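What follows is a group of structures, each given as structure tokens.
Next come two complexes built around subunit A: one with subunit B, the other with subunit C.
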Partner chain A sequence: MKKYWSFFRIRFSNGLQYRVAAYAGISTQFAWGFMEILLFRAFYRANAAAFPMEFPQLASYIWLQQAFLALFASWTLDMDIMHSITGGNVAYELIRPMDLYNMWFTKNLAMRLSRAVLRCMPILAVAFFLPNPFKMDLPPSTLQFFFFLLSMAIGLFIVVAFAMLIYITTFYTLSPLGMRILAISLVDFLSGALVPLPFLPEPVRSVLEVLPFASMQNLPLRIYSGNISGDEMVLRIGLQLFWLAVLIFTGKLLMRKALKKVVVQGG
Partner chain B sequence: MIELRNINKCFKVARRNAGFGEAVKALFKREYERIQALKDVSFTIKDGEMVGYIGPNGAGKSSTIKIMSGILTPDSGECIINGRTPWKDRIGHVREIGVVFGQRSQLWWDVPVIDSFELIKDIYKVPDKQYKSALDELVTMLDIETIVRTPARQLSLGQRMRCEIAASLLHNPKILFLDEPTIGLDAVSKIAVRNFIKTLNRERKTTVILTTHDMQDIEALTERIILIGKGQILLDGTLSELKKRNSTIKTITVEYSGEEFSLCPGASFSQRMNGHAVVLVDTKLVSVSDVIAHISAQVDILDISVSGSSAEELVVSLYKEFAI
Partner chain C sequence: MRLYLKYFSIHVRSLMQYKVSFFLTILGQFLVSFSAFLSIYFMFLRFHEVEGFTYSETLLCFAVVLMAFSIAETFARGFDTFPAMIGNGEFDRIMVRPCNEIFQVLASRIEFSRLGRFAQAVIIFTYAIPKSGVVWTADKILTMILMILSGVVIFSGLFLVYASFCFFTLEGLEFMNIFTDGGREFGSYPFSIYGKEVLRFVTYVIPLALFQYYPFLHLIGRVDNPGYMLFPLLGMLFLIPCYAFWRIGVRHYKSTGS
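Right, the complex of A and B next:
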């Protein structure tokens, strides 16, 4: 376990170095968050009753989403891993007495966390002090907050487990581009990153909510704002755990197959 | 103990002709060609041996190294290293080996080298005390004391390569695979690396398998060489044996003062100018010392040098002989 922890540490501190990227990210996320909120505000003004979430709930959803974008964004893939496969540097990772899946998983977690740590604080701080109804609210209860944290952690693991599938397919396709574009656009929509899932029309919504993508950011963000609570919340966290297990299992299986026929690129 | 028996490996390589039309065609139907990278490769290397593994580009050297380090699974054949099959028990196997890929880097680019070392220490679970002594030893032997506190991206190639080698040895492996460790290094770094490898093999009894195109590496380091070409082992023997087998001709270059001189049977002039002569000696017929004695009896020798065929020439003639 210690080796994975050391791995996590070096990747984490490596990630903390990119401060300018973090500033740029923060300003982008502010701009994006404001835009989204203003857009929804226009809709709500027309007819607030027509929407499934209350406006303050939505504001919290959007600010949290922007603050923790680095944790959940489908497009923050670890380029190191992609390059190590296409360029052949994976050779050096394969001569380590470590499980490659776990190693990459750890690396990914560290990368996402380091990016999120740099970005989330300023966004959260400002979002809390915005005027009503644009501001970010506190969660309805401490218990709810605890479940939010739990669900967010599982959600992060699901995102990483899903990204692992993209990395592993790179062993076969050798160009990460095609899979990446496909996966990113799909996940962005299906996970509620573009439009919160409750806003989607009925038959589509019920299907999407049981898919693994809904377990990524949709669930934790809605738990925080109180949109989901009680038994439903516990049930859905169970579903989250189920999807996490499925994704990790599939990933490990594919990895084992890939390594059997892996061709390390380059001489 | 390393034992390879009848290892075979095929690669599927996509090929297409140049041009846009061909590229479009390749979208729908791709033509693959099977390349036999390794064909019935067998050899045995004992503990503590130092072996040079040579062959032209694309001969299968790196593929063999990758199989022996557990990265590549061969199509057929057996490979037992210290009682394990590398690709079946990868994690157990790699704990006991060190690998340096001369064209890749294992150091983290943005952090000081020492941080990469510490990570490697944790990955291999090297105890603190052992790590410290290994590090001290490596740092002095490779002369990288100040270098290790620099981020890898700011190192020169020679400095980085010395760090790469140190990184591969922190866990004190029994076997060290070096895949072109001196590629692109200047003379000073090359010599430093060679001396280090020599000492390592002598003192720690580490088994070293080295691939290289630099014949000076081979000459300086290894007694035994294995020649591979087109995926097949062509020769396996000591360097001096090979030299003997391949060339019995020695060259004597003489600067002299005095009249012209004659030669004994078995020797012949290849060049002859005023006061300068190049003599070829067939050592099967006459010994070099006899020829020298013969010359010095006739003229005053000012300067003389004897050279056998260099490893470089040897390899070129071997490549020619086997048409690879």
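Right, the complex of A and C next:
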């Protein structure tokens, strides 16, 4: 455990070095968040009764989404890992006395966390002080906030566990690009990154909410604003844990299979 | 032009070496824009209209933007990988060749995988063109062709600006994404729904509305002024400052020395 912890720390502080990139990202995310809210405002004006969330809840959802984009973004895959598989460097990693799955998992966790830490504060700080349609609200209670943090942590683990599956398939396909784009576009839609899930019609929505993708960003962001609370919230967090276990188990299984007959590429 | 065709065939042949991945990428591109379509579909299922624009009208707008973007991206994607080109000294090699720099950057990369997006745009057109309730007279058809052409020009101009920034910063600037990717994403809806300030911005600063919003109003018969047809032509002028900026960048260029 200790070696993974120090590995995590190295990767984390490594990620903190890219400050300029983070600041450039922040301005983009601000603009993106604004446009997103303006878009929903137009629909809100068109028919407020059909709006499935309260507007402040939606504003919080969007700002949290932008602030923690690095945690949940489906497209931030670790290219190093991809290249190490297609380029053959994975052989060196296999020599090390560490479990490959755990090591890559830690690495990804650290990468996403370090990026999010750099970006979230300025975005949240400003979002709290914006004028009204854009303003981000405080969570309804401290307890709710605690569950938000808990659910966000599990969500992050699920995102990483899912990304691991993509890395592992690279062992089989060797050309990661196609698979990657396919996975990204699916996850983006199914997880509520494009349109928050409450906006989808009832039958579609009830199916999507059971899938593991809804456990990624959908749940924590809606817990924050109180859109989901009480027993339902506890139940859904349970579902989150279930999916996390399934994803990690599948990942480890596939990894073991892949490594049994791995062909190291290149020289 | 013959040289470009030569490059073209090289790109095609090199792609065909990885057929499976290529088709998966096309499929992926298709799905990416398909999920954008789904978002629009579901939003209209719930709200029926936004600022007076109906579903099929919005789809027309979405398809125009998508098509313009996919064409621009297919051919001008070389500018997107431009930071790498500066970083590894490739641009030095380009400058010593007796051929226009822009041409070479354009030819260095042709991104056929964007065909997935293009196909999506075509499919939506085939649905939206009859459904939109537009009477397709000659001037309407001309308007739409102008919209797409102008869109290609403006998006290419934005890619060019993105690349030009690299002369000064040596790396890509993420904030340009809000105009390129953001222009595509938020351009799915007529720009007026974002409010007056945004509309003003995309009219006078980054003229996305010149090919998307104003001629669109003429297309769906909101305004009866045929002058709106000509806005896309005005939008194409955007390429001039973009090109000037590129020239300044080239003059300012110091090799990274690697």
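Note that in this section the second predicted complex is superposed on the first by the 267 of 267 C-alpha atoms of A that agree within 3 Å, B and C clash if a C-alpha of one lies under 4 Å from a C-alpha of the other, contacts with A are read in each partner's own complex, and residues count from 1 in each chain.
Heads up, the rule we're going with is that a residue touches a chain if its C-beta (ideal position, glycine included) is under 8 Å from a C-beta of that chain, and two chains touch if they have at least 3 such contacts.
Everything quoted here is computed from the prediction, not taken from an experiment.
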(message) Just to be sure I read the superposition right, which of the two partners does A:T173 touch: subunit B = first, subunit C = second, or both, or neither?
(response) second
(request) Would you check which partner chain A:K260 touches, where first means subunit B only, second means subunit C only, and both and neither mean what they say? (result) first
(message) For A:A50, using the defined touch cut-off, is the partner it touches subunit B, subunit C, both, or neither? Pick first, second, both or neither.
(response) second
(request) Please work out whether A:N14 is in contact with subunit B alone, subunit C alone, both, or neither, and reply first, second, both or neither. (result) first
(message) Between subunit C and subunit B, which one touches more residues of subunit A when both complexes sit on the common chain A?
(response) C
(message) For A:D188, using the defined touch cut-off, is the partner it touches subunit B, subunit C, both, or neither? Pick first, second, both or neither.
(response) second
(request) Please indicate which partner A:W32 is in contact with in the superposed arrangement: first for subunit B, second for subunit C, both, or neither. (result) second
(request) Report for A:L94: first if it touches subunit B alone, second if subunit C alone, otherwise both or neither. (result) first
(message) Quick check on the complex: what are the subunit B residues that touch subunit A?
(response) 11, 57-58, 62, 66, 69-73, 90-92, 94-95, 97, 99, 101, 103-106, 108, 110-111, 115-116, 118-119, 122-125
(request) Please name which positions on subunit C make contact with subunit A in the complex. (result) 18, 20-25, 27-29, 31-32, 34-36, 38-39, 42-43, 45-51, 173-175, 177-178, 182, 186, 189, 193-195, 198
(request) Over in the complex, which subunit A residues touch subunit C? Could you list them? (result) 21, 24-25, 27-28, 31-32, 35, 38-39, 41-43, 45-47, 50, 52, 173, 175, 177-182, 184-186, 188-189, 194-195, 199-201, 204
(request) Would you mind writing out the residues of subunit A in touch with subunit B in their complex? (result) 2-3, 5-7, 10, 13-14, 17, 88-89, 91-92, 94-99, 260-264, 266-267
